[in-house]
Amino acid sequence: MGKSEVPFIEVKNLKVHYTSEGRKIHAVNQVSFSLQKGETLGLVGETGAGKTTIAKSILRILPEPPARIEDGEIFLEGTDLLKLAEDEMRKIRGRKIAMIFQDPMTALNPVMRVGKQIAEGIALHEKVSAREAEEKAKKMLEMVGIPGSRYRDYPHQFSGGMKQRVVIAMALSCSPDLLLADEPTTALDVTIQAQVLDIIKNLQKEFKTSMIMITHDLGIVAEVCDNVAVIYAGQVVEYGSREEIFDNPLHPYTIGLFGSLPDINSDVERLSPIMGMPPDPANLPGGCAFSPRCPYADETCKNTDVKLDAIDGTHSCRCLHWRRTAQMKAETS
Amino acid sequence: MWKYIVKRLLWMIPVLLGIAIVIFTIMYFCPGDPAASILGNSATPAAIEEKRIEMGLNRPYMVRLLDYLNQVFLHFDLGTSYFQNQSVMSGILYRLPYTFMIAIICMLLQILIGTPLGITAAVHQNGIADRICMVIALAGVSIPGFWLAMMLVLLFAVRLGWLPPYGVGGLQYFILPCIANAFAGIASQARQTRSSMLEVIRSDYIVTARAKGLSEREILYKHALPNALIPIITVVGNGMGMMLGGTVVIESVFSIPGIGMYTTSAINNRDYPVVMGGVLFLGALFSLIMLLVDVIYAYVDPRIKAQYEGQQKSWKRRKRANG
Amino acid sequence: MKRRKLALALAACMMATVVFTGCGSGAKQESTQAAAEPAKEELQSQSNETMGEADTQTAISGGKADSVTVGIMSDPENMGPWSGMSQGRIAVLFTTYEYMITRENGMAYGVLAKNWVQADPKTYQVELYDYIHDAKGNPLTASDIVFSFESAIATKNYGKLSVIDSVTAIDDYNVEFSFNKELEIGEFENIMLECAIVTQAAYEASPDQMATTPVGTSAYLVEKYVPGSEIIMKDTGNYWQTDESLVHGTSVHNVSEIKFSVITEASQHTVALQTGAVDISNGVPDTDISKFGEGGEFSEGNAVGVVLDNLTYDVEYNMSDSSVFKEDENLRFALAYAIDKEGVNIGAFNGNGVTVKDFANATYPDYNPEWDNEEYYDYDVDKAKEYLAQSAYDGRTLRLEYISSGMSEMIAQLLQAYWGQIGVNVELIGYDQMMGQQEQYNADGFDILLKSTGSTDYIVNQWKLCWDARDYREITGGTANFVVDEELDRLMQAALSTDTYGPESIEAFHDYLVEKCYGYGVVEGPINIVHSDKITNVALDIRKQILPGACSYAQ
Amino acid sequence: MANSVAVSKGAAIGRKKKEGQFSLVMKRLMKNKLAMAGLCITLLLFLLALLSPWIMPYAYDELNMIDRFATPSLKHLCGADEMGRDIFSRLLYGARWSLALGFLATIISTVIGMIIGSIVGYFGGTVDTVIMRLIDILQAIPGILLAIAISACLGSGFMNTIIALSIGGIPMTVRLLRGSIMGVRKMEYLEAAQTINCSIPRLIVKHILPNSISPIIVSVTMGIGNTILMAASLSYIGLGVQPPTPEWGAMLSAGRTYMRDYPHMVLFPGIAIALVVLSLNMLGDGLRDAMDPKLKK
């Protein structure tokens, strides 16, 4: 899926597992993808599919133990982050790669003034005086729509949406090259979701930041992403540009995701949820991980290790029967 | 904040009144009487009865209780010891420095040793350092204090001759009692620090801090520790409160004239004014320490401060900030 | 009319000092020898005969020292002259204050009193020295004596003073005491020994009724008091009695600075002596005593002496109407025979005490040494079982009440075990001092009482503490342990009355009590005194407390 | 815009619930070696205490003046005390008293504390204010002094000591339970229970208590150890269980005079106390870890 030049970030064969109560939980299995400068990649999938683990692996902030990166490489502009010394890595965190967390309620230190929490990163990476860091932090606050006078307030004095703005300001404070946004709107009220998303989009444009947007919300993907990787049971099951995925989903899981999206154009068709439950990550089924839930699965699916198959352009799919699916689609339309 | 403190101080009055009633009642129902104690072993029953009347011990419960409460709460007089001809207040104030000294040193030891132990254990969870710290901590809470005290005396005072085995005087006299007394405190401090650090270390904001690129050290001391402090402060406060009244055994082993011994021997002698005065004083001290702990909470955690300051004020604040 | 002249007394004896060790540095080898062999035989013999002139001289003028540190078990708490008694207080009382008289080996000698006479059956007259002054220099006259006694009576702290009708000053140096009854044997002396004497001027000048700033007429004045920790007393160098020949044991001041060090934990007394932090202590546990004796770990530089306490551990049966013992003398005998008194002595005192042959011990001057050879419920399991078989004992559990401080707890456990051997079940009920004092008069609360009592003068006065029904009738209807026995009352009163007091009445009471076995003595405990060889001669007061000023010191 | 994926979120949790809270906790506990060691030692001590009359080599109160202070040997495994009683037998038999003392006192204080705590936590308002002030009063009196005063008042003895020790523990349980009930009170399932007209006491017993019980269990486990230590302190002062009952604290306290020469007299009771408190603490730590999902990842 690569273009000719070196991608801005490239994840190759990433494999991560957790150990919990003696059981090995395979959270990420051989995930690969890449991203060009300025682009946005959407990681889509159910809770527990391993999206957050991928993001945290890139920043190397997984709790080790119980988590362990078993295998793989993560190149940022050609350097393998996984091989960097911890203090080298620290210079990258916050400065080159920053992250917005899912739950703004818990992502802020409750006993530290919010301004200080923003200024802390600035002072660390930009080698400026405390005063300058404070000025910049105030500017960042204003940029996300919070008056700079609230620099000295504590997180509990903010509402959820405001907190997420603070988190965003914090993440963008050192103009990172890559922003990892982990479900930045999930914990927010619907009305606020749009505002926050707008802020992210605008700032991304302003700072020309690349972004990996983690979400289970296809609406957000449609709105912000250039490319999409659909994750299931720690694997990329389908990858492609936004158009490719939205116009021509080929993996039964992706199709299922779209099927469970309410169609505002037709009020007749009911939601068709994906049957069954996500697999137990400690005990993944053999063959295609999705096979137990797949309406099209046959015996071969359960026995064969399925490879990610290139389709055309950037589009690829991890399904033995994608051709059949494509055919069926062509027939129905 | 001040309003809160004043409110809490006012709340102390009914609490102290309650303590006075409780301890008075317990002592009232205690068999044995101070008159007999004063007259000694060979006193005849008739002589004891006469002494009881003189001391007013023959009056009914309510009369004596009201009399006592009137004396303490309206005249601020804790009374005079039956045995020492000395006002209970001056008796307490005389002994307070010793008890306080021990409590303060123990508290410092507890904080300076227990906290780092707990942090080390939490940071290296399940590692060797964790195991060692926790074994020390478990041993600390499991060993009877006076047993440890006497072992320390045998080793440091008798065998090595480094430290005085008993008595009061310079700082060196406080070393053994404080070690013996602080051991359990250090242990529980280490345990509490470890568990609250563990809880905090797993919080999202620690991940946030890490994602900012902060070093582990900075994360630990700037982000984790301040958040872990509340339960730690609680342990310190409780320990301090307990030590003020609970060093009886250590005071006895090392012959230190502290408040614990003062009150305990008064219980044995049925020296009611001293028992009641001592317990009241310790109760007041305990309440003050708890107030101090709560004030420190507010200092450490702005959320708690906001809670104390009440809705109205924080609303005003927000309005001002927004407008 | 009895009259005791001081001069006579002086000629007879002076000191109650007890010589443990030889004097002088050359005698070191011998001294440890003497110490190792528990000195009790020596001590006992001394308690029955007076010491020679030479010894007395040594004790008074011999070996002075600059300072001495005494380990005491508890804080005096209140050193005021007339406050209630406490364990810590008696340790410093005789160093702080002087009394009208003192008593040594059962004989009374004047201290402040030059002499005294009984004017009529209820009136005594006392003449004071006319040059007494207290440690602060205030002269002491008859009016101060009146003040002291009246103050002491007003506190109601002293039951013995309740027989005083009035104390009046006849002139500056003569005082008259009148009593509301005829005094019994030793009673006047006890009254004189009960009230510490101070000058009214000094007392009124004290900010705290002398609780921490006592001023007596003794040679010592409190220099520093750290409550609960230490008391430092200094010789004022201005003691009123300048005639050395008239200075008695309690008033001798051989050392210029005395430090009483409060050590509450018994084992710490051993540590203190071992490390040299104190020079003398009576708080060393029994089992540590041997360490200071010959061949012991710390024998170097230390000597040990065991003095018998005046306290006797007695068993009293509950003789109330509802008690099993009331009509069952066989059960009383059975239990008495079942106790191995020597075993109790070993178990409780490491063998340092002695078994007794009477309800009281042999330290009293009016104790009849012949009793030592009598049979006194000597340990005999067969006899005990025989009596038990004849008794009406039905296997029920008897309750043994004791005060759970000191050695009583251990003795109670030993008694329980011995009685268990003959098949009598006993349950222990321990009370603290206060509760015990109250519960001992509760007829339904116990079956057997273990008590320790003692008197400072005569054996009859120890007997009185249990058997004088006049003191207890209001509460118990009889003696302290509910005995209603007119014959016993008659014999008790005969032994106590000054008119009939004497070997016959004493013998009669002893025999009757042994025969009836309402209660009996078990063992007499020791006081373990260990001191460094800085001290050559230890002096004790009437309560067997160390008198540091009166000890003699190595030169 | 809705999300389909959230549907399966609840399902995943649901499956975990099916395994059962208890067996889950037990499973976690079994994996914790320290906690299991603690549990085993505690159970073993219980067993020994129960069987003591049959397995102890001597009667606990059998005197033998010849063997006074005997040092440990085959005849006396842990030596003999100042009255020649076999310390090993006394320890075995004393386990009954010490453990019973620790357990009963803690359980009594916990049960009373739970009842008060439930009432306070559930009703809140004036009831809360009044009772919590009373609890403040009790808590402001130093624990050991309160125990000493009550002991002095009731006299020594097994039951009296239990009462004296348990009163001081009540405030802590009340606070603990009140706290967890306050937390649980706002949760939705309570509202659900209320809407189907569940009676109030039933609500507390059936719904609130089971959900607040885990911190209580942990505090009970640790509390037993503390109570045993406190009983030892009481014995030191001369209060507590009557002799010749070989309560460990009393043995320790009685032996202190002789510890210089016969260290076995304090060593073995000291070890016994430390061992039981240690194993209860290890068990308590393990239980806390097993019951607190936050700490387990």
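Think of it as A, B, C and D in the order they're written, each chain with its own count starting at 1.
Everything that follows uses one rule, which is that a residue touches a chain if its C-beta (ideal position, glycine included) is under 8 Å from a C-beta of that chain, and two chains touch if they have at least 3 such contacts.
In this text, all values refer to a predicted model and were calculated from it rather than measured experimentally.
Of the chains present, which has its C-alpha mean closest to the combined C-alpha mean?
When every chain is reduced to its C-alpha mean, the one closest to the whole-protein mean is B.
Comparing the two chain pairs, does C-D have more C-beta contacts than B-C, or is it the other way round?
Answer to which pair has more contacts is B-C.
Compute the distance, rounded to whole Å, between the mean C-alpha positions of chain B and chain C.
That gives a centre separation of 41 Å.
Let me have the rounded angstrom distance from the C-alpha centre of chain C over to the C-alpha centre of chain D, please.
Computed value for the inter-centroid distance: 47 Å.
How many angstrom lie between the centres of chain A and chain B, each centre taken as the mean Cα position?
For chain A versus chain B, the centre distance works out to 52 Å.
Where does chain A touch two or more other chains at once, residue-wise?
63
Taking each residue of chain B in turn, which ones touch at least two of the other chains?
In chain B, 30-31, 150, 202, 252, 268 touch at least two other chains.
Which positions in chain D touch two or more other chains at once?
Residues 152, 155, 256, 259-260, 297 of chain D touch two or more partner chains.
Would you pull the chain D residues touching chain C in the complex into a rising list?
Where chain D meets chain C, its residues are 61-63, 65, 68-69, 82-84, 152, 155-156, 238-239, 242-244, 256-262.
Which residues of chain A touch chain B in the complex?
Touching chain B: residues 56, 59, 61, 63, 87, 90-95, 98-99, 101, 103, 106-112, 120-121, 124-125, 147, 149-150, 153-154, 156-157, 167, 170-171 of chain A.
If we count contacts the way the header does, which residues on chain B are in touch with chain A in the complex?
202-205, 207-215, 222-223, 226-227, 300-303, 306, 314, 317-318, 321-322
Quick one: which bits of chain C touch chain D in the complex? Just the residue numbers, please.
Interface residues on the chain C side: 265-267, 270, 285, 287-288, 291, 343, 346-347, 404-405, 409-410, 412-414, 416-418, 420, 428-432, 434-435.
Using the touch definition up top, name the residues of chain B that touch chain D in the complex.
11, 14-15, 18-19, 22-23, 26-27, 29-31, 134, 138-139, 141-147, 150, 154, 191, 195, 198-199, 202, 241-242, 244-246, 248-249, 252, 260, 263-264, 267-268, 275, 278-279, 282-284, 286-287, 290
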